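Got some structures for you, see below.
Shared between the two complexes below is chain A, which pairs with chain B and chain C, respectively.
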Partner chain A sequence: MKRIVFLLVVFTLLLAACAPSVATSQPAATNPLVATDAPTVVAGAFDINNWDSVLAAAKGQTVNWYIWGGSDSINAFVDNFYGKTLKERYGITLNRVPIADTADAVNQVLSEKQAGKDPGAVDMIWINGENFFTLKQASLLYPDWAQKIPNSALVNWDNPAINLDFGHAVDNLESPWSSAQFQFVYDSARIKADELPHSYADLKTWACANPGRFTYIAPGPGGFLGTRFVKGALYEISGGAEQWQNFDQATWDQWSPALWKYLNELEPCLWRKGETYAKDEAELKNLFANNEVDFSITNDITGAGTGIAAGLLPATSRAFVFDTNMIGDFNYVAIPLNAPNKAAALVLANLLLDPEFQAAQILPENGFGLGYAIDVTRVTDSAALSALQSASTKLGDSATPASDLANSLVGDSAAEYQNLIEQGWAENVLQK
Partner chain B sequence: MKRIITPLFRFTLYLVLIAPLLLFAAYAFSTRWFFPQPFPAEWTTTTFQRAIHDSRTLSSMAQGLWIALLVSVLSLILALPAARVLGLRKFRGRQLAWLLLFLPTIIPPLAIGMGLNILFLQIGLAGTIAGVILAHIIPTLPYTIFTLSSAFARFDENYEFQALALGASPWHIFFKVTLRMMTPSLVVATLFAFLISWSQYLLTLLIGGGQIITLPILLFSAASGGNPSIIAMLSLLFVAPPVLVVAFTARQLNQHGEEIREQY
Partner chain C sequence: MRSHPIFSPWLSLAPALTIVLVLLGASLLYAVAESVGYISVIGQSKFSLDAYRNTLDLNSEFWASLEFSLWISIVSTLISSAIALLLAVWLSERRGNTDTLALNWNLAFPHLVWSVALLLFLSQSGLFSRWAASLGLISTPAEFPVLVRDRFGIGIILSYIGKEIPFLTITILSVLRSQSVGYDVVAENLGASRWQRLRYVTIPQVMPALLAGSLLIFGFIFSSYEVPALLGVGYPRALPVLALRFFLDPDLRARSEGMVISLIITLIVMIVAVVSLKMKDEG
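On to the complex of A and B.
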């Protein structure tokens, strides 16, 4: 009996080991599906420099947009604003594919590559950072389009916060959708505005004066806002954000001990004495809403507004920022190289940058809550311009004032620091 | 004393079974229910309205039900011959056959799913309902085979021989004797297959590649966002079909059990 079990285990392992090599040795041409699907690709031919040909090719297509589906209000926004408009104006059907993690879409594209499947299933992915870098490195993204869609003229491509995604060159492979900035959320019914901390040093004082009432999100996959919290602390301790824009191991070695020292001094004052941390934004939001801690963290330009509208936060929630070192960035959409409906994806990417929809996306009641990707000063149409300007004044009390956001804004650090911070935090703070 | 204890016990049992569902319902029909409020302060049907009017919710349920039904039927057809031989016959390699059939319960579904996805992509099954159904049969088969083979172990073939001696055709024997005697186990096996397929997340996600959306896909996606109302609403919709199916079959099985008792 034991021997049989052993043989079975060996057999299974062998099977598992064989699988990938079998997969790659099979050329795509043997796939009958590719042959049958090929004519539709030819029929949808277009020239990206001729936008009318893109529109003509996109008509009647279905765009499969793989997008994080965890927020009901974002889902509704996507369906109601883009879905309807695509259908009415361009004859395109939007198929929003809700995924629990953007990495799922990346894995789908990688698997399709391994199996040689072209066309694949994914037309567009809401993406940034590591997921973008993974697909870029594997050369699996549709190239040379982002600056060729008409509305890309409204994007300030000279801004390093836009043309670099976590320090990696965007290289025309993805187009921005919206912007975000790190902020804290507090409940004005519990804490007065003049008691709020203004820096990481202040925060430590506050946390230790109110033990157990603060925690942050564990840095790591799924906890990128936690990583961002730690990066902000690193910026403050080292005296600014500038030196972290390019990777330098010596700089890291110089400052990281002070960072771990700060976080370890903070730890005993944290919620549950830092034995455990919130694993993602949703968990921290819950802890905050249920009065277990006094601060939450958000990336929304609407501050607490979207959370209040969705019933996730108390109505008295407000957002605030420290005086500086609040990291802001942009998020993007990318089109896989084997996307079956590239023309429709291009039309959608262009629609995302349309001033009308940019103005709609920052209003808290519409449920999206992230900021502009376009540079408002580039908008020439006066009606669109006034819509954009009035939208940004309608964010209400629950948002951080725009001047505070602008004054505290700093860029994200080079991508190489991401892993150093996440692994270093696990080793030096969580497990020490 | 017994007259009090039995209903009390029964009541407690019902409470334990129903309490989680009540909690789901409370979350699904309220908003802003934060600690330390003992009960929801703001009741609302917004989440319910949204879920019902979202064509995606209903289509995902319909698709999941279809897949689960087809998986149950196919799994039974595949399991019946295997279970019969495993239950009734002793032969060399029987243990090995058992182990092979049970491998899917030991090997992590992620390992199966990743390999299967590549294979299915190559042969054009990925992203199709047929592919998802085939993939679901893998984890359901061990359960249907196990349920049916233990029933076959208690099965007396002499009933079939008797019918044969009386001149019945093989089809006649299969439908009128074998299947009739196996009904309770067939119902239980179907139920297992249905529940396993209905609640599959990983294999549906990997093989369906986002093209095939069932309720668990929506549920996991919502769970990552942490909105308790929506998670609770989708969970209620998720447990409804299994609860109904179990309630219905339990009734059927009870009746059948009484019929059998009457015969003796």
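On to the complex of A and C.
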């Protein structure tokens, strides 16, 4: 009996040891809520079709933006550009809540729903396809707004790359922020530009001539760039991206064995002979910067520029693309259904699409480094138009030339392939 | 006074116990519900044992993960216990507080910090590798031996034994130092060799503490997430890493499998706890 009591005491202590981290993480998320939710729910009523009512409701609110916080330069960009402007022009306080993975914000919203907590703590999430799908599946997104904010007129909603997110219909549930395209990064001090591979076939030849000097990111949650690397290989092997835009099991069954064959032939030539892979972009970037491998992968329109500006990559780093099959896409912001400050979140989402800020976000020195979400041809204001056009010419040597990006650009595949590729890769490549 | 029911240990434990039971019990209930298909956030409420079937399928990654988790837990526990025993015996023969201070100092580091430090020191482009390169011992990072993020969990095991040896040593040392030196002296006077004294006097004295400590460590290592997540490879993954991967899957239906794995982890740790209690009662 005494021993059981002792064991229970130990368990209790262990539990107590866990408690502080829970306790300290909560106030950050909930404090602004306590301060603002009362006026929001009562006086913050607005009509999304009347933008002035949104602005009026948003005034004095704090918008809690859950955003991936792994990049100091992006954090600074968000605070300095959006944070200041929201305060000065709209009387809104930006509370940037840094998270390690977007899935954390998604889980926060899910847990709030399970606990019946409304209003919740999250006003806006910077989101990508998989996490968007999770919240959409659970019907936890504020609906019917993305095409109603004023600047959404600048977005080309007819473009399937915008109205589909990883193959899932956007359905007015999220609004684009920026665009990105799959690219490789190399160090021009180590490799000459004319030695670079131009296709996946070339890449295998290069990798096996330089064993251990290449690896890619493991496909799977958190490694979407790795999934994209594998998708590109699938496109090349099967002769193009087009047939993958719609899901067809027979097409997958026909081509997937050739894909695994290619990747398994590549594997012995990889870093650590493919025993393990970089688990995310940050790890691959480190391997590249530490001279363990010769290529990194990026999604930034500024190529290596943002990494160089942050001191993470050598100044001689350059981005390049294969001749084709380089997947591009858009990323978005979404508002949870239980967001306490929806009006302020709408104002922020609208600000993200403002031509002035779109022009600022692609400049490498500003630290964000992703491309436009708006269609530049829809911008009528001539000053804004010229700002957008001149910004895109200032990307410098470390970015992939815009014409190369455009020539190699293909769309992402239908959503159903995502899981087939990730699971199939784990079973047929990683575990083999 | 001791016999008065008001002072029964259960009552004095009640406040803490209530919290544990409510928190732990509620989470367990949730886990069981989600594992059999009741996932309230997506309004799914159909009883199904599919998650159990998928997890326990012979081709499932679960078995590789179970093997890997058992491997790192058992090896780390055995090595830590053996070294801690020798270290404690050696230290108990010296008197003074500086040694325990050195041991306590290590306890202040969270496992996470300790693991990141190992990563920075031991990875192929880590500090040791750079020193080796500057000394001309290796010419590329790839020549440095793979000590972290390796197939056999060497980095994980190194991380755990680095943390658990001091913990176990302190546990054993506190037993040794609280015993009088009498037994040892008597045995010595009766002609027992150094080895015999260790085998027949010291080890029986510390065995209950060592065993309890080892099983505690085993349970901790088997169920902890951060070290294998940081220092492990993509495959095989430790069970908690695999469970979280299912829990964070964009498709919420995959949570069921994560819950099944979590429940299995809980079950194994509970079996270990029961066994350790039984052994202590008999010992």
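Going forward, the second predicted complex is superposed on the first by the 392 of 432 C-alpha atoms of A that agree within 3 Å, B and C clash if a C-alpha of one lies under 4 Å from a C-alpha of the other, contacts with A are read in each partner's own complex, and residues count from 1 in each chain.
Please note the rule applied: contacts are C-beta pairs under 8 Å (C-beta built on N, C-alpha and C of every residue); 3 or more make two chains touch, one makes a residue touch a chain.
Given the structure is predicted, the values throughout are model-derived calculations rather than measurements.
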### Query
Which holds for A:Gln114: it touches chain B only (first), chain C only (second), both, or neither?
both
### Task
Would you check which partner chain A:Asp381 touches, where first means chain B only, second means chain C only, and both and neither mean what they say?
neither
### Message
Just to be sure I read the superposition right, which of the two partners does A:Glu195 touch: chain B = first, chain C = second, or both, or neither?
### Response
neither
### Task
Considering only the touch criterion stated at the top, classify A:Asn131 as touching first (chain B), second (chain C), both, or neither.
second
### Message
One more residue to check, A:Glu242. First (chain B), second (chain C), both or neither?
### Response
neither
### Message
By the touch definition at the top of the document, which applies to A:Asn290: first (chain B), second (chain C), both, or neither?
### Response
both
### Message
Once chain A of both complexes is superposed, is A:Asp253 in touch with chain B (first), chain C (second), both, or neither?
### Response
neither
### Query
Of the partners chain B and chain C, which touch A:Glu265 in the superposed model: first, second, both, neither?
neither
### Task
Answer with first, second, both or neither: which of chain B and chain C does A:Glu365 touch in the superposed model?
neither
### Residues of chain A contacting chain B in one complex and chain C in the other
4-5, 8, 12, 15-16, 101, 114, 286, 290-292
### Query
Which of the residues in chain B come into contact with chain A in the complex?
31-32, 34-36, 42, 50, 95-96, 99-100, 103, 107, 111, 114-115, 117-119, 121-124, 126-127, 205, 209-211, 213, 217-218, 220-230
### Summary
Touching chain C in the complex, chain A uses residues 2-5, 7-12, 15-16, 101, 103, 107, 110, 113-114, 130-131, 133-134, 137-138, 140, 212, 218, 220-221, 271-272, 275-277, 279, 286-287, 290-292, 419, 426, 430-431
### Task
Show which residues of chain A lie in contact with chain B when the two form their complex.
1, 4-5, 8, 12, 15-16, 19-20, 23, 26, 30-33, 64, 66, 68-72, 76, 97-101, 104-105, 108, 111-112, 114-117, 121-122, 280-283, 285-286, 289-292, 310-312, 314-315
### Message
Which stretch or stretches of chain C touch chain A in the complex?
### Response
9-10, 13, 16-17, 19-20, 23-24, 40-42, 61, 64, 124-125, 140-142, 146, 149-151, 216, 233-235, 245, 248-252, 273, 277, 280-281
